[in-house]
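Structures follow.
Look at the two complexes coming up: subunit A is in both, with subunit B in one and subunit C in the other.
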Partner chain A sequence: MNVRIEALANELAITVLDGVQRKDFEEVFSTLKGFTGGSIKVDLKNLQYIKSDIIAQLLALRRAADSKKAALKLVNLSDGVLSAFETANLTKHFTIEQDYGSYTVSELIELLHDDEQAEFISIHIGLNFNEQYRKALLDALKIDDPVLNEQALLSLGRAGDDASIDVIRSALASQYPNVVCAAVLVLGWLGDAASKEKLYELISSPEEAVSEACGASIALLSDDGDPARLKTLLKDSEPPLRKVIANALALINGGAAYNILKEMLSKETIDDVRSVLVRKISYFNNEDATNTLIEALDDSSRKVQETAAAGLERTGLRGGEERVFKKISGDDWVSYFAVRALGKHCSEKVADYLTQRYPNLSGKVRLAVVEVLGAASYCTSFLAERLNEDNEDIRREALSGLYRSNKPLAVEKAVQLAKGDPSWLVRFKAVEIIIAETPEGYRDILAEIRNSDANRYIQDKIDAVLGS
Partner chain B sequence: MKKEIINGRQTAYLEGEINGSTGLAYKEEIASLFSSSAIVVLSFKDVVYLNSSGLREIIDLLKQANKLKVELRLCEMSKDIREMFSFTGLEKVFKIFDTMDQAAV
Partner chain C sequence: MLTNTIKIKDEEFFELKEIIYKASAITFAESKKYLLENRLSKRLQELNFNSFKEYLYYLKYDINRIKEMDTLLNLVTINETYFLRERQQMDHLMKSTIPAILTRGKKNIRIWSAACSTGEEPYSMAILLREYALSTRANYEIIGTDINTEVVDIAKKGVYRGMSFRGVPPNFQSTYFTQNGLVYEIKDEFKHRVRFQIGNLISHTLPAQVGKFDVIFCRNALIYFDIEGKQKVLDMFYNCLNTPGYLYLGHSESTIKIKSKFVLQNFGNGVFHIKE
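After this line comes the complex of A and B, so read on.
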């Protein structure tokens, strides 16, 4: 018989084997008659494909389970089996799950080769780790198979298996970079400070992934001496290593790490690395970091300016508004990013300043101001005035901001703009608002716009609501 | 630390800066949830800063959870915090979800 049945206290566990026939289900139904438990699990892991008569048996089993008020679930469906259920539109009729608990240890180790499943299997092993799993994973590390070796190491790491530390350390000497990388990360997770010297040797590896992993694990294993030790590596270093060190210092955090990052920023000549340094400085919770970010708004690289603005927007200004205000003058890009830096922290004081300065600002800085003030609830009249500007991007952004801050007024303006604005982008936004808010008589309004507007995108948008 | 039960799952909301000292306090408080739920969800929505000492406490929490066969899930991380988990490879160790709804299923 190609069906194995195991009746547990509250669960009927059915394992379907390769070569299963319709008649094999007779015993399943017979066993089910005397079953009084609450759940039935059918394991299909042994099937690569499934015939229609077996699907019919499963449907019958589901009906029988329903009649006994027992929950039926199908587990471990291969791609072929799942595809058959999807083709027959049957997935909604069954609870379908992955259940690694029904696999043997050796089956699970073999499945670690499967990229899509490896992580879930590893987590399962971590939760159910025992001597049997340890032995199987250590055996897997003896095989010359870099994919399996990597997953075995990561599984030992996920399981937090300190007892395997010597084997994991020895994997640092592997010829395969992916295996070295996994070993480095796992030693960091396990807190193996004794490996730190070796990680300092490997951090200069030409393999960037290995170098990055070493930076991460050194940070996880760090003590007070590591910021200074990392600083010594900067001498004659290449840009990728400087990025790794910046990442490690940001993760270590604290005053010493911050001072080194700030010094690195002052000396760095590569835009890309400076951008990373500025981003990492935004990870520090101190006032000087805010000042450094504000100064970086003046950087010669637009990428660095943008990173600094994003950092300030995220962390807040810590009372640095006045210093940012001073950047809103002269150079357009500095002004633009200074306005963006005010972003989410737009207080009334900031709003007052920006609205007063607005008439003297250039086009793209004005647009940034409208974007920033569009998120504030007390700038309604300012935004409404912007609907009369010549720049279509500003009109559209003002309408979007108005919609966030004052919906009734935005709808009133949207009806006017949808009928008469010269820019289709503004009219399209206006139509979107009308459709979303459905004001009284909106269908007539939309019909009128549909008849008079020649823009195809607007016509399609309205047709989707009214029907063509 | 705010705690609540969602869909029968114990959930806790970390906040502010997670470093060695705050991480240790969080660890003790969260570990007390392991006895009452097979799945514990931690939200990082209000975490602004995290350093390596804080991460070490969270790794330690996972070890405790594994020993007790409790599944620890993390969710609602900002891009920066997620980047730290990615940089250290811990993204591969923890079950991380975008939203509380997904994590507390």
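After this line comes the complex of A and C, so read on.
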């Protein structure tokens, strides 16, 4: 029989094996008759694809579970099986989950090869770490398989396994850059200060990922002397290394790191690196950082200007509004970010300014204005007018803003827009508001929309409330 | 690995999914939301964006939006692969299918690797043709196509790192590649046998660009298409095959709900599709 059944106290655990046939389910249904527990788990990990008659059996099982008021869930669906469920439009009829606890240690180690699942598995191993996992991971490190080696190292790191520190250190000598990179990161996570010298050697690696990882790990292991030591590496350095150092300094943070970053910015001639430096400066919470960003709005490089404006959204303007006002013009990203930075503390003065400028702006900058004014309680009429604009994103943003500032009006408009707006993006937002606010008769409203709206996202959203 | 992941909201996910679908017919199930977050977060940060909403505005309104669509598709369509992956199908091609084609007296055999990623699959075929002593028995033309412009560039160079060789037999690298430090370059004999080009499987012009084939390999790509997309691609494959023609799909790929003119045949642990 190609189905394994295990009746636990409150759960019926069914594992479907490769080669399963329709008749194999007879035993399942027979066991289910005497089952009084609350949940049924069907593990499909052994199937790479699924035939339609087996899907039919699972549907029958769902009905049987419903009749017993037991919760049925399907776990560990491969891409092939999931794709079959999606193709048959059945995903919403089942609770589908990943359950790595159903796998043996060796199965999980093998699955680390799957780049889409590796991180989740590694986290699972980290959370459930024991001697068995340690042995399996250390064995995996002995195999000449860079993908497996990398994931094994990251798993040991996530488990915080200090006992494996020597093995992890030795991986710094691997011929594979991805393995070295993983070892570098893990040594940083484990706080292995003894490896710091080695990381300083590797930070100049031509392998960008290794160099970046060294910068991050040095920051994690840093003490007061590291900002100055990183500065010494700047002499005759290439642009990629300067970016790595900028990142490390931003992670270290503190006054010494900030001063070095500012000095780097003043000397840097490459636009791309200057942009990185400006971004890193925006992670410092001080007035000088804000002023530095405001000055960078006048940089010769558009890219740097954009980064500075985006950074100001992070730091706030600290009284620099007037200088930022001047930067807002037609339709560019500097203006977009500048508007958003202004919106961080949208005073009435800022709101008035933006409202007046709005007709002269265009594209995404208008969108930013609507978004910013949507967060201010005194712009209701401005937002309501925007619901008539041609641009679907402006209408959607205006509706979101109204919802924040004037819920009753937003609900009234949402009902109208959900039924009649030409854009599904606006209708979707309107339906979200109706569902969240449940106005009188909302179920009838939703049913009416469900019957007339062909958009599948809107249909699914409503089905989740009304039932399909 | 060092990038903070930016979370995507439901409505942003749906909108981005629609944009990708319109350009490529590739669909992302809700369960793959994390994949978009993981693959796009670094790009968003490069553009100074803190949310997917801003990135959507970029894709819709920026002057560079057309170029950005290429970048987006490149980021979301990267599929990691390696030499001799799912080897049983390739062995079946060498042991049964190609000998059967040769028996019919065919002297020019064309093979299409229709989602070739970084080129390991078509180069594996070129290598196996030699291992199975088939390479001198006909003229072979192997074409590799992929929607992703970056992977096609890598494939054309034919230079690989250790990650591409997991599970290959001993001496595989030393026999067919020239080592240069940490990388391995495929030898010219095999490199010249494979031609690469960019190819979107739902493009109407693709069949005219690639021509007719005796064998098509398209593994682990259809899984990303919805029924309509799968149907289009399978119909296109059918039209691009000579008669008889052979199609190999990934072992986990379902053709449920697809009307196919192909005849399905089993071999050992796998299946292939024949145009009779």
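Quick note on the criterion: the second predicted complex is superposed on the first by the 315 of 468 C-alpha atoms of A that agree within 3 Å, B and C clash if a C-alpha of one lies under 4 Å from a C-alpha of the other, contacts with A are read in each partner's own complex, and residues count from 1 in each chain.
Just so it is clear, a residue touches a chain if its C-beta (ideal position, glycine included) is under 8 Å from a C-beta of that chain, and two chains touch if they have at least 3 such contacts.
It should be emphasised that the depicted structure is a prediction, and the values quoted were computed from it without experimental measurement.
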item	value
Touched partner set for A:145, first subunit B, second subunit C, both or neither	second
First, second, both or neither for A:82, with subunit B first and subunit C second	second
Which of subunit B and subunit C A:213 touches, first, second, both or neither	both
Subunit B versus subunit C as contact partner of A:48, first or second or both or neither	second
A:252 touches, of subunit B and subunit C: first, second, both or neither?	first
Subunit A: partner with more touched residues, subunit B or subunit C	C
Contacts of A:185 with subunit B and subunit C, given as first, second, both or neither	both
Common ground on subunit A, meaning residues reached by subunit C in one complex and by subunit B in the other	119, 185, 212-213, 216, 247
Subunit B to subunit A touching residues, read off their complex	17, 19, 48-49, 51-52, 55-56, 59, 62-63, 66, 69, 71, 78, 80, 84, 87-90, 92-93, 95
Subunit B partner contacts - residues on subunit A that touch it in the complex	119, 122-123, 126-129, 154, 157-160, 185, 188-189, 191, 212-213, 215-217, 219-220, 222, 247, 251-254, 282-285, 314-315
Complex contacts: residues of subunit C adjacent to subunit A	1-2, 11, 14-15, 29-31, 35, 38, 48-50, 57, 60-62, 80, 161-163, 166-167, 182, 223, 226-227, 230, 250-254, 256-257
Contacting residues of subunit A [partner subunit C, same complex]	48-50, 52, 78-84, 86-88, 91, 96, 113, 115-116, 119, 145-148, 175-178, 181, 185, 209, 212-213, 216, 247, 279, 306-307, 310-311, 313, 331, 333, 336-337, 363-364, 367, 393, 425, 428-429, 432, 457
